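Reviewing the structure listed below.
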Amino acid sequence: METTATPEFKQLHSNVRKLVKETLNPIFEKVEKEAKIPEHIADKFRRLGLFGMSIPRQYGGLGLSTIEEMSLIEEMTYTNACFRSRVGTNNSIGSMGIVFDGTNRQKEQYLPRIASGEWTTSFALTEPNAGSDASGIITTAELDGDHWVLNGNKIFITNADTARLFTTIAVTDEKKRARGGVTAFLVERGTPGFSIGPTDLKMGFKGSHTCELVFKDCRVPKENVIGGMEMVGQGFKTAMRVLDKGRLVAGACALGASQKIMDISIVHLKKNLASEKSRDALQAAQFVLADMATQIFAARQMLYHSARLKDEGKNITNEAAMVKVFLTETASRVADSAMDILGEEGCLTKNQVEILLRDVRLYRIYEGTSEIQRTIISRNLLKN
Amino acid sequence: METTATPEFKQLHSNVRKLVKETLNPIFEKVEKEAKIPEHIADKFRRLGLFGMSIPRQYGGLGLSTIEEMSLIEEMTYTNACFRSRVGTNNSIGSMGIVFDGTNRQKEQYLPRIASGEWTTSFALTEPNAGSDASGIITTAELDGDHWVLNGNKIFITNADTARLFTTIAVTDEKKRARGGVTAFLVERGTPGFSIGPTDLKMGFKGSHTCELVFKDCRVPKENVIGGMEMVGQGFKTAMRVLDKGRLVAGACALGASQKIMDISIVHLKKNLASEKSRDALQAAQFVLADMATQIFAARQMLYHSARLKDEGKNITNEAAMVKVFLTETASRVADSAMDILGEEGCLTKNQVEILLRDVRLYRIYEGTSEIQRTIISRNLLKN
Amino acid sequence: MTFLQFDKTQKQIKKAVKDFIKGEFKKEVINDLVETYSFPEDIWRKAGEIGLIGLNFPEEYSGQGMGTFESVLVAEALCRGDSSVGACLSQAGYGAGLILRYGSEAQKVDWLPMVAEGEALSSMAFTEPGIGSDLELSTTSAVKQGDQWVINGTKSFVMNGGPLSGFYIVLCRTDPDASSTAKAFSSILVEAGHEGIGVSDVGSRLGRRLMPLSDVTFKQVKVPLGNLIGKENKGLEQVKTCLNEIRILAAAQALGIAQGAFDRSLGHVKQREQFGRKLADFQVTRQKLAEMATKIEASRLLTYQAAWQFENNQRGDEKQSAMAKLHACRTAVEVCDESIQLLGGYGYMQEYEVERYFRDAKVAEIFDGTQIVQKNIIADELV
Amino acid sequence: MTFLQFDKTQKQIKKAVKDFIKGEFKKEVINDLVETYSFPEDIWRKAGEIGLIGLNFPEEYSGQGMGTFESVLVAEALCRGDSSVGACLSQAGYGAGLILRYGSEAQKVDWLPMVAEGEALSSMAFTEPGIGSDLELSTTSAVKQGDQWVINGTKSFVMNGGPLSGFYIVLCRTDPDASSTAKAFSSILVEAGHEGIGVSDVGSRLGRRLMPLSDVTFKQVKVPLGNLIGKENKGLEQVKTCLNEIRILAAAQALGIAQGAFDRSLGHVKQREQFGRKLADFQVTRQKLAEMATKIEASRLLTYQAAWQFENNQRGDEKQSAMAKLHACRTAVEVCDESIQLLGGYGYMQEYEVERYFRDAKVAEIFDGTQIVQKNIIADELV
């Protein structure tokens, strides 16, 4: 944590650390096994304001700086990744569309409920043939009187099972697409014609759910276009800004997990060093540990430096892409090599690394794969 | 460069950058070919005070902070590595023994001449069977009246061909060795019994010379023990402190070179993208570039964060070891993958990457190999 | 000079396995097994019926009289077909290796046909809590009392234990006063169901979830003296020889897992589009496929070479076996990881299988000796 | 089934090369060559005398009538003996590959014995400035004038050019109007010393410093029509087939370089001490040796397999050749890099040779197609 942190934030930070240690970590495996975050935990998050870390104070959020937010996320992910994910969409992809581009009315109507955690939110961009690009989006919205009529399917939508509000991206002009033909809508749960599929079965992140969304002649009021009718066609830009913001967050999550994995490995290695095994036979494992620590050190400096730049108002598109690719790949490397230290015991779910190994794998895929990040980085380096 | 830099330092920084661009870079290959730094270049370094960057102002140095020094080193190594090496020993291993542990008389006698660049200095630790450990040192020093009598050989001693003063590590108590039996001496060139061998033929660093030193009944006055007679037996500690300081420096050098290699690669790739070749066939090369940039970004943040900690008075033994291993290995990786972008042209010496590839290889070996750094890191992580 | 040519029998075997997979590895069936963490009992029994288990047992014991090389081909093909079911079938007979190699005629007659015919699983009980691959630190003891061995101790990470297991081959300390650990251990056959045996599942785990994996305790378990396998106090050497072969078979499994994940990702990228083009048209996708295929090919050659060496030397070449295990398992982990990436969001979903291949690959790498352990073995031969 | 067994002739060849290296690769001699950037002329002539060059030429052209596999064994052994001298000897005959495969009887009689006997070096002039491996972008032209070809253009990175060269095989555009580049080029033999040929050394470089490496310009160079190799406008296909074989030989060289560096570092760590113990006693050193040896073994198998395929198919298997080149060169770079590290400060000194091995390895990886190029080739076969 920065030494320049305010006393208020220091207190919050310390509360979160305490919560992780005393309340979340003890139910690390329980969340995995029962595949859900208990509601009393969500209530604790609500009381601490964690659903609204990044939402402006005027709308009931904590209005944290980027550095402060990253610092809390790192703490919150020093345990099962799904805890952070519970508040994740509200702080990031599920709310940022409104924060960035929403009308005042939309902000007043929705942000307080999001910040308080009364409503959970989701972000619906991905489709079977469309990841981070607009060209593959098939979901369409057609204007019919005072309503837009949505048709199409969205997949892998995080927190869809509990969310009340979905920032939904659809094509409004087939010809223009990314260049003015894609629009962002606010769709409330329960809107006729909008249904939510069963929970996906995933490799990890068991306590955090994704589902398919189905829109069948789903009628959404005109005023639910994010930013109002003058923002029709600007939804791809909104979506990209939303994803931009998510890159540092993914990095911070990966960092928290990496640190957790390393600390578990240290405990194990110390135990081995104290056992009857030969110390000489543990030199290789010690070098594995040294490489973990070095990468994590690098990762952390990248993240907080980028967060600082963002708080200074700099454009950090390139830095954020580098943070995402390096920190999420570091987490996978750290998890992979931790197994060399932990051996067979590392494969057991009761050793939390088994869970973390599966969880961190997602970070390299979602909200822009590593390949998308590398494309962004090289494009920035090569532009004149 | 830090935004908080003083105007004075900003001017110096800008002067160094200008010097590199306008004076050093144009003779990049000439230094390689002629295997030396022209004396008029050394004079320019003298005028800028670059021989005394890290020497306190009271002794005629610039007394730079660690951040400032690293920042200048990064600039100076954005060209042929040997330029920086010309001033390297005076700023680091060749002078730090005196700065850290020297008597006032030693400081007054030697530091001004070192800071001005009048005298070049060297550091003599390595022996045929002793790298960074004291256990293999064979060079001995025996007290005989007012003199210590040195016998033994030192190898790979940087700048030995021109140095006037050699910080020389010898065993003064065979039984105690690292625990109080090793002493650091100041040996001047021309001392009877002290001779310097021919220049080593190396893989790279052609413009910077290393030689063997031979001590044959070489008599050194008692007052030349670094720190005076009460420091007899404390030389291993002095040597380790000296090497500690060198770790960030090695990192900064590797960083400057990495950036130079990447920038040459960018120019080449832009040329290819503008040529008749298919852009599709250059996607892989662009990803290679993205990975270079990401690692360099990580490297830079590690270095300056550690330098800042050091300037704040923190113990950075572990950070410095991580900086050395990560930044020097990054430089090798960057050079290796640059060749994938440059192709056959990259193999030609006139393409500077060919020189840099060979030069940066040294950083992973000298002043504590990567393996020594990993040992330090893991030891720190596992201690209680 | 000739280089790696399959003979007619080997081609037939490959064909037979392929047909078997086509007929028996039904996606719905396997999905059910995966969801319920169940051993593929039906498929296993059928594999036994058509002779895919105990391929290397002599024909008089219901085997096919073949060798390590053929076992490798079968393990590779089965795991290519399905990483989890393949592992269960390939490892069903591992524990019989000691009987086959060192057992008495009676032991062979009693057990080899049972294993080969898919009537009983075989279990090895070698390692113990906290000792990893350092088997010489085992403390489970067997003491002679009259005409019986009395066994006490706890073995961990025992595969195939529980209701389907026929027997456990237990590495026991039989000479506590031995001058060297090499002469302190014996391997003893313990029929499953003996009084005093306690089997407890190790619980949820990263991969190999369909296979029984347990901690097994032995409390005053009494078996006849004749249950000793081979010579007394030669257990450690016997076990090490068998582990040498098992490393090769583990490499073969990893090879199959890698190939299976590769098949699936190649199919995916040829079909899916992004930015309006097939994924397979992007140079970066193609470069990844090329890397994956090269690693797989290298692993295949190392594995086949190790198998060939094992058949043509009495004990095999420990260095080559460890190289095969090291390389093939690393390849499997990396190829499966890259497969998940190539499939993107789909790769993270259970339905698309590669995430399961990845988990099975990682477990294959850690079990039977981590990378560090394999490198130790190789270096011991090199230096 | 058999797996990689050397026949008697192959064993004899391996022995002959070993003896040759022992007799001719003197450290002082090589040091002199390295310091003066000189071609190992004496060693080359002697290699020609005992038949180590043009091993795969028929006996009537002074060859040994052997195949790619034997050439691989020789290239591997020579580069293991010395990475730089080995490369010079192995590549002395590369340029004759097109004559051997597509040349007329007269061309064969004229040139193959000269090359095989160490009387003349053979040169390939394929690539051009800025085009890398994209040979279809070549602009050097050959135009028929009466009974002559008139050649104009510039070729870059031409090996074996200059005073010792017998001839250049030049890839020329002979049909500027061709519908596809596949039908636009021919390969033409140009005797060295023709008027209009300009040879300029490319200058100082990373590795392969003993071998002549030049830019070669052709200005109104006139040669008889009969200097066409094989059929007109089939040049690109011919060259690609030969490059396929050259990739295998490049892999063999890289394999030898890797093994040579490994030999040296193994010797070093068994001898040197640190912290009072032999370097070879540290687990981390041993782990590195194990990794190096495993990569080398995998590279060896891939290279031998590719060679075997090349001999047993008309054109060879492009995928396997590219895999061998990719894997063996990467192995060589990594093993040599690690060797420098294992030798520490000594590793950085020329005297200890591994730094030169490293530089030669890196050049071997970049020349004849970088990693990216090899992966492109592999992927084209896979997808």
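In this document, chain identifiers A, B, C and D correspond to the written order of the chains, with residue numbering beginning at 1 in each.
The rule is short, and it goes like this: contacts are C-beta pairs under 8 Å (C-beta built on N, C-alpha and C of every residue); 3 or more make two chains touch, one makes a residue touch a chain.
Since the model is a prediction, treat every value here as computed from it, not as a measurement.
In terms of C-beta pairs in contact, B-D outnumbers the other of B-C and B-D.
A centroid comparison over C-alpha atoms places C as the chain most distant from subunit B. Per-chain Cα centroids separate subunit B from subunit C by 51 Å. Taking each chain's centre as the mean of its C-alpha atoms, subunit A lies 42 Å from subunit B. Subunit B and subunit D have centres, each the mean of its CA atoms, that are 38 Å apart. In subunit C, the positions touching at least two other chains are 283-284, 287, 372, 375-376. Annotation for subunit A: residues 281, 284, 287, 371 touch two or more other chains. Against subunit B, in their complex, subunit C makes its touches with residues 282-284, 287. Those residues of subunit B lying in contact with subunit A across their complex are 266, 269-270, 273, 286-287, 289-291, 293-295, 297-299, 301-302, 305, 319, 322, 325-326, 371, 373-375, 377-379, 381-382, 384. Looking at the complex, you find that subunit A touches subunit D at residues 280-284, 287. Looking at the complex, you find that subunit D touches subunit B at residues 127, 130, 132-134, 137, 156-157, 202-207, 272-276, 284, 333, 337, 340-341, 344-345, 347-351, 355, 358-359, 362-363, 365-367, 370-372, 375-376.
Across the complex, subunit B meets subunit D through its residues 33, 126, 129-131, 133, 135-136, 155-156, 200-204, 275-277, 281, 284-285, 332, 336, 339-340, 343-344, 346-350, 354, 357-358, 361-362, 364-366, 369-371.
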